[in-house]
Structures are given as structure tokens and as C-alpha cells.
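Across the two complexes that follow, subunit A remains constant while its partner is subunit B and subsequently subunit C.
Entry: the complex of A and B
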């Protein structure tokens, strides 16, 4: 049946872990997204290798200067620090915090979703009730409260965000794996006496891979926005850390004299978010196209 | 269809006796009631969960009496405060007292100015609702027509460019849009006030900010759905019957596209109240969000607890209403349930 594919795209495009090996993926969006994210990773590596603490030090005689004046690569902030180096130093903060959080979100979300789909009875009831209860919670508010109480910093922030944001993924994984669990290959595995955990993680989980990838990309972007928002409110990264949200928050007082203080971190945030959205959209489109190709 | 909705809304407080009788005649109604019952149970679980979390977080992270006394409090004052607020009682007792009072919407007085916490929250609600209401209306007024336009002929160059622009817009966080707006319209051009609630002119920028991170999302969903719908058989049939392009688009395709967008719009409504916090801070908008941020920063916990509680209730109401709207607008769902 797969030989009667009528679309000119002869081969279903590669998905998931095979992606980086090919340069062209078949989706323009995904290609652009990957290029953008590669640049982001390069920036991350660059800052690890080349940015020294001396470059991050300020020079008060050169404060609030525009790069057009020949001071700094992207201008300087209110303490005379070069915004270029500072925004590079912000990568581990902003991407690191949301990265840890998104790994947590994907892991917990998938696990709870699978558990809810496998069991029936009270386990499922508890899972579904809990998931929809946490979804209804005002996310940002709760994060604000928890961080105000526990304190700011890399780990409190990432663990809090990861600990609150997973239920939306759970709900999708739950719905999808219930569908997969009714498939014949799962029934066959059961009849062969394959254990519950190998069915869930060996047979069902691979089928969920595109979904998890797509949701993880979107959640990475969302968590990045939330992280910078919390830092912006002064309840995220430590005050002097070069997180992008902190930089934006600093820039508010100098909007009139030094608008570039806002544009530099804002550009970094937007580029990362758009890159992640592109990857998410691209993977979703590829898997849709692939599913259509198989069905035809 | 409106009858069903009316029944559901009217009958909620009507009690068991009345609804029992109607169950046999209108199964749809029972389905809706079941849904409502489930939602109410979920709401209670949520409120229980939230208040428990808030209570224990507060106890875990320090002595509330010390927070209440401030930096100047001595031992005598601490003991007095403990007795006054019941903090010398065992923890489980305090917890049950807290829960019992929370059910009655009593969260004690604000630590900052001794007003009732829940009163402060209700005082701020209308201002927040103004912002959220305007933003939501603007969101729908922009994204529905624009989405239909984009989705009607997605292959044309102009619309491809527009779609790309919308995609980029989606990647710009709301507070950055807010800062940009201030930079352009308040700092450079001096057209619009950027602080507080001073009449309609001051509503424009905050509302645009809130709408700017919601509209692109809705717009893209609607445009994708319209594009999908335009390829369906019923559109071809209508076209064969001589329907004009605008009738095809606005009456037939858009209607179907709205079905898929409703879930997203419902989710956005529930996100609005909590999600407008940052906008309120940027524009010094005297709403619930700013109240919450100030209270969190000054550790004014009664107010935070009251605000989270109220927002959770609103979020849940929004989710419930989305379900009802779904049944109202989708004839297939109605038939299936009847």
C-alpha cells in the first residue's frame, strides 16, 4: 500500500534523531530553525571559550554609549559594560534555565501521561484530575510565589518552572498513547508476555517521538519567555547575573537615552524563540506529511 | 441550541429534585450536568491543592510571625503576634483553620495596610477586566478576519509574506512589544501616556501588548483551518452551486475553522488574567497583576493567597464556559450527545 504514493515527494522525510545528519530536511521552516539554533549554540560555545570576566567588567567612563561611537561591539549599558559580551554571557542563564526546565517538563509529562493511559480505575482518575487541576493554575503567579519564597537563582527557577509546566504535555501524551495502546502490535507484545514497562517505553514511546519533540520545542520557547519575564520582574535570575530578562529590566530606566540596551537582549530572546518555534513547526509539518504519505 | 445552554445555566443552582425529573426527558442536559459536576469536583481539588501549597510553602520558608513583626520586632512582640494570629497552635490545627476560612473567602488582612485581603483583590478586579476585555475583543476583531484572509488563498506571494510576518510576531514576547510601544509612542512621538489608567488613550498600549501575544496564535490556527476547509468537498459543492467566493469564505469555511479555534481561544481567556501580570507592571496598570507582584515582593501573603484563589476560580469558570460554548456551536457534538 505504501507503493501507491501519488505525491512527488517519493521518500517520507526523516524524523527525530536522524535529523542533524542530513543538511536539508525537506521542510524550509525546519531548515531555517536549525540554522538559527545552530547559531545560538555557536554563540554559547563562543562565550564559553572566549568571554573572560574582564570583558564583562564595566568602564564607567564609557557608560551608555552606542556602538556607533566606536565604544563596545553592541554599545554599553549603564555601568559601561559591553552589551555584546553580556548578552553572550546570558546564554547559559536564559537557555540553561529553560533547558533544564524543558527536560523536566518533557520527562515528567511523558511519564505521567503514559501512566494515565496504561492504568484504568483510580490511578487514571487521580492522574486526570491532578493534571487538569494544575493546568488551571495561574502558572506565572504560582512561579512568582514559589520563587519569592524559595529565592532566586538558577536551580530554584528551573526546577520550579519544570515542576509546574508539565501537565499540558501529559494531557497530549495521554490522549495519544491511549490510541497507540489499542494498536495490534501492543496487543501482540502483551500476548508475548512483554512486561508493562517495556511495552510503554519500548513500544509506545517511540511512536510518541514526533509529538514529544514538537511539544518540547514549543515549551522550550514558552519557558524561555517565562524565564525572561520572571527575571524582568526581578524574581528570576540573581540580580547581577547577565540573564536576558535582567538586561531588559535594566534597560527600562534608560529607554530614552540608550534604546539599544533593550534591543540587544530583546533580539537574543526573539531569535531563540523564533528558532525554536520554527523547529517545532517544521517537525510537526514533516510528521504530518509522513503520516499522509503512509496513509495514501 | 440556545435552549440547551439556557437549561444548563439556569439549572445549575436549581437543586437535585428539579434536575432529576428533567434527566429522563433531556439526556443532553444530563451530559452537561455530568460535565459541570466533574468540573466542580476538579475545581474543589484545584482550590484545595493551591491553598495547601500556599500554606505549607509559607510555613516551610520561615516564621510568619517574624515576617509580620518586621525587622524591629522583639521577643515580646513576636509572642504577641503568635497568639494574635493563632501561630502558637499546632500546625495541623492552623492548617484546618486556614482551609475553613479559605472556603469562606477569608484570608485575613493585608499586612501592608490592614485592609481585608480579599477586598483589595476585588477592588482591583474591574481594572484588570477592563484591560483583559479590551485586549480580548481586539484579539478577535483582528485575528478572525485576518486569519480568514490569509487562509483563503495561502499560496499568493503577499499572503506568504504576511504569514511569515505573523510567525515572527508570534516569537516576540509580549513585554518586549510593550517596551517597544513605549519607546515609539510615549518616548519618541509622545502620543500616548505610558503609565496607569487615565482614560481610553491610556488603554491602547497595554491592550495592544496583551493582544500582541495572543492574536498571532489565533490568527495562525484560523488561517490553517480555513485553508484546510477551502479544500473540502462541501466547499466545492457550494462553489458548483454558484456561491460567490466571499460567501464560500466567510459563511462556510470560516464557520468550520472557528470550531478548531474555539479551544485555543478558551485556553487564552483562562490565561489572560494571570498572563497580563507583566503588562500591568510595565504600564503601571493598577490591576490585579501588579497588586500580586507588589504583594509577592513585600511578602504580603494574605493578599497573594486571596489573589491566587480568585484567579484559579476565574480560570476554571473560563474552562467550563469553553465546554458549554463548544456544545452550543458544534451541531455534531449536540447530535452525538442527544
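Entry: the complex of A and C
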């Protein structure tokens, strides 16, 4: 029997996305996105380490100042609170709420999508109908109703957003999983008698990883905006909390006299959202490139 | 061994794998029925190789997948090792799957591109609780050696291998649980011609060494002839001719078999004899022709063929054909003349015509 086996001596391609390694060769947008997100994370760490509650107290004698003695680099708001510290303190609020929500969205969305793809018959019908029913309702209105019922605050807000935003991801995961489930290696696994969960977690879920990562990045950004919108409407974080939505809401009345009150939280939102979107795009591109290398 | 003591053996005791009046139907758009297989009866003895031949759409792959219970048959019986497996559940099938395995057509899609070879070959072992991780790794190494791959292949991923090597990996995976029977669905048709011989030889080798029963499905009659003891020719979901390999190829009785044979290129100066080119596409399995299914394309069809369906009738020991005018169409050329074609140096002549290479040659 012939045994002249020649195999390329190259190392196996990276399984999983090793972002730091890919930085140099990755896309420009991924680089910019990562820089932006690094700044965001840095800000998050800084506020954890340095911002004390005393720094967040207001000083009415210094209200609505942009510069001057004892005023921080980003000015003060209508109660004389330092906006620099306040916007930093907003990171855990805004990113935390949407972060918890996005984890929920990705988990529930993936799980439900997989269930819908695996089963046929009434289970699939129920899943698809349920998903469509939730998608059919306007997101903000639904969120407003739920929050009005269960109250506001960090956890109610994040759980509500996570609880109603997942169906869109389910749809994508469902479609993609159905494609993956028709692959011959899945059929082979079934003919070996591999269990349903081993197939779903061993073959299908790893194939979904790029999609989940990309969707999560985009949803993180979307949820961040929705959180700000809800806070802006007065239904998000508690009134005193330094959430960016609250800060925007406050700034509305002082737009002419103190425009920085709007620009500071808006800048934070923009940086985070653009960063997340760029990272999402970059990851998508990288996984496409990798797919080309893998699928031959 | 894995049967309940209460269940007696069923089916023909001669056969390891048996299909009786197997019928598979799919739903086509518009509530129509697509008759993929209608009907086939076949049996594979232990240590025997049976070739199932037909053009694409003839239902040969459906037969394979139905025998593996990936499709539900509409009628008929599947018997494996004396046990009726037609209606067993996924869980009840586990002990059957251990002894009946399959190799797929396309090694580019039958191996998960994200998995290491160790994980790929170990998959059936893990599913059947073969043993500890060390024991599985040991078995994987043994299998790699059996199919002629280096031990360090275990840590690579499928994309680092050529098509032929991937098919070896797929064969190793199918052999992992030491099956008694192996179904190979077009095992070489996605490979280069030069690689095809290697895989065919590998299958033949392994069969001799491990004594497994093989059901090989292919569209290439010459190739199937090279490894099969018996051949079944399928057309539009049903067998039209079957018999010992040499007889089916040497003395084809059904005009369809003759046409298939004439499509095989002849490595001879002058190109052999003229080819019988079948006109038209194979008919749709949704709207099947009346009478003999082959009559619209048959060069020797007569009026009777349009209305009356020829039965599959016995014309000799183990030899069946479904044609009213069996043997009337002459073979296109002297098929055995191939024996006189010189072979490249170092290649031994296989004991049959249409040899691609012998198992010991390379």
C-alpha cells in the first residue's frame, strides 16, 4: 500500500480567534475598534480605581462651568458635579447593563435557535412562531411596558433588555444552524450514534462561533443605545445614577448654556458603539478569511 | 451477541446485511411522491463485497442511507445480523451502528474542518464509550497506521490533508469500532483518478485483513467490478440486473448495463469500439415511465416494453435480470481484450479486467 504521505509542515491554523496575535495582520477597522474599546476598558478600570463617591458630589457654586478654578477638564453639570468623573462612573452603568443584556441575548438566542433548528415538527413551529411574535412587537414599547411593571434599576433594566432582544439572534442562529446541520459530518456523527447534545455542542456550536461573536458585538452596541434611550426617557437607571442616558436627559435643558453636558456622555456612547461595531465588522472579516482557509 | 435472547434470528441466515422489498419515497413539491427506491431486495454476506451501480438519481445512495437508517423506508425490511432493524429507535440502534458503518462520498464535507484528526477518528469511539482517553488515543494511532497515515497526523486538521488522505481518515473513522459491515457511498468519485486506485486498494486490503462485508456504491461500473464479488445495477430506484461481478461485466444481459459498460473508456490504441450513447436524461422519479422504466432510452425497446413491466427473473445461479429481451443487445466490444493491455512497470495485473492497480503493486 502506498505510504508516501506528504503533508504540509505548516502549523495548524489558529482554532478560535486569537485577536492579539491577529492585530498586526488584521483589518484596519478591527485595529481602530480595538483601540477604541481598549480606551473604554481603560476608562472602566480607572473609574474603579480612582473615582470615589466624593468626586461625584455636586458643588452648586461651580454649576454649569466649562473651565475655571477647581473645575475638571470636562466641565460641570447643573448641580456642579464634575462631568469627567461622572462620565467615568457611567461606564459600569451603561456598559454593565448592556453587557449583562448582551450575554443573555447571545445565550438565549443561541439556545432557542439551536432547538428550533434541531427539532422538526411542532417544536420548530412553536419556536419560530414565538420568535416571530416577539420580533413583531416594537422593542422600545415592549421594554417600556415591562419596566413600568417591574420597576427600574440595574438588574430590571438589563434583564428586561436581555429578555426581549434575543429573538432576532435566534432567527440568525436558526438559519445558520440548519445549514450546519445538513453538513455531511453531522450526518456521519448521527450514523455513528453520537448523541444530540454532542452534535450540537461539538459540531454546530463551534461553527456558529463567528456568527455569535459578530452578532454579540453589534447587539452590545444596539443595547447600549437602547439603554441610553430608556434612561433618557426616565425609565432606565435610577435618577441619580450617572448613566449616560440620564446625563443626556439632564443636558437637554441646558443645551444652549452648557453644550458640553450633552457632548461628554454622547462622546462616550459614540466611542463605545463605534468601537463595538468596528470590532464586530473586523471579527466578521477575519472569520470569513479563516473560513476560506479552512473550507478550501 | 447484542440481541436479546428472546428475539430469534430473522431473515436469510446467509446474509449479514439484508434489505427485503425496500421502498423509499420522498415527498415532492405539490404533494407528489418521489419514488427514490422502489423496490430493491439485496443481501451482503460476511466477508463479501457487493457493488451497487447506477447513474446519479438511480437511488443507490438512498439505499445506502436507508440501510444506515438515515431515511425511513416506506416499506420493506432491513435486517442486520439476524435482527430486524427497520423500526429500531435511535437508542436501540446503538449496538447495530457499532457493527455497521459508512464511508461518505466527499471527504471534504464528511470531516468537521474545525476538528483535529484525533478528535475526528475518536468520535465514534467516544460515542460508544470505548474507554479512557489514553485507550482512545492508542486506538486512533493504530487506525492511522492501518490506513497508511503517519502518527503525527492525529494533531492536524482536515484542511492540511489532500482528498485521498482525507478519505483514508474517513475510512479509519468508519473502522474505529471494528464493524462487521461497511457501506461505502461513492468512496472515490470525488477523488483524482490517480488517488482512486489507492483508496480502492485500501478498502480491498482492509477487507481481506479484517474480514468485513462491503457494500460499495458507485456510478463507475469498471471500478466497482474491480473490487466486487457481486454487482447490482440499479435504474430509477430498482435493480435491473444482478449477478457475480465477472458475469455482469463480461456478459451483460440488460441493455442498460451494456450502455453503462460502453461508457467506460478503453485504454487501447484506436479507442476500442463504438460507444452506445444513451439519449436523454434519466426520467424523473416523480413521473416514472409506464412499463419498463428504461424503455424511453432503450435502444432495443419494443411495444411490449411500453405497457408491461418486466419482472426481475432468475436466469442463472445468483443471476437476475429484468428485461424481456435480455441478452439481445450485444456488448459493445470484447471486454476481456483489456487483459492484453500492457501495464506500467511494477504493477501486477489484477485477476479481473478493468484493474486500476493491484493491492500489492504500490
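Keep this in mind: the second predicted complex is superposed on the first by the 264 of 296 C-alpha atoms of A that agree within 3 Å, B and C clash if a C-alpha of one lies under 4 Å from a C-alpha of the other, contacts with A are read in each partner's own complex, and residues count from 1 in each chain.
By definition in this document, a contact is a pair of C-beta atoms (placed from the backbone, for glycine too) under 8 Å apart; a residue touches a chain by one contact, two chains touch by 3 or more.
Keep in mind it's a predicted model, so treat the numbers as computed, not measured.
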item: Touched partner set for A:252, first subunit B, second subunit C, both or neither; value: first
item: First (subunit B), second (subunit C), both or neither touched by A:187; value: second
item: First, second, both or neither for A:233, with subunit B first and subunit C second; value: first
item: Subunit B versus subunit C as contact partner of A:203, first or second or both or neither; value: second
item: Partner contacting more residues of subunit A (subunit B vs subunit C); value: B
item: Touching partner for A:288 - first (subunit B), second (subunit C), both, neither; value: neither
item: First (subunit B), second (subunit C), both or neither touched by A:195; value: second
item: Subunit B/subunit C common contact set on subunit A; value: none
item: Subunit A-facing residues of subunit B, complex; value: 41-43, 45-46, 49-50, 53-54, 57-58, 60-61, 167-168, 170-173, 175-176, 179-180, 182-183, 187, 270, 273-275, 277-278, 281-282, 292-293, 296-297, 299, 304, 307-308, 311-312, 315-316, 319
item: Contacting residues of subunit C [partner subunit A, same complex]; value: 68, 70, 90, 93-94, 97-98, 101-102, 104-106, 108-116, 123-124, 126-128, 148-150, 153, 155-157, 159-161, 165, 170, 173, 198, 201-202, 205, 359, 362
item: Complex contact set, residues of subunit A against subunit C; value: 1-3, 5, 7-8, 10, 12-13, 15, 183-185, 187-195, 198, 202-203, 206-207, 293-296
item: Residue ranges of subunit A touching subunit B (in the complex, touch as defined); value: 129-130, 132-134, 136-142, 144-146, 148-150, 221, 225, 228-229, 232-235, 248, 251-252, 255-256, 259, 262, 266, 269-270, 273-274, 277-278, 281
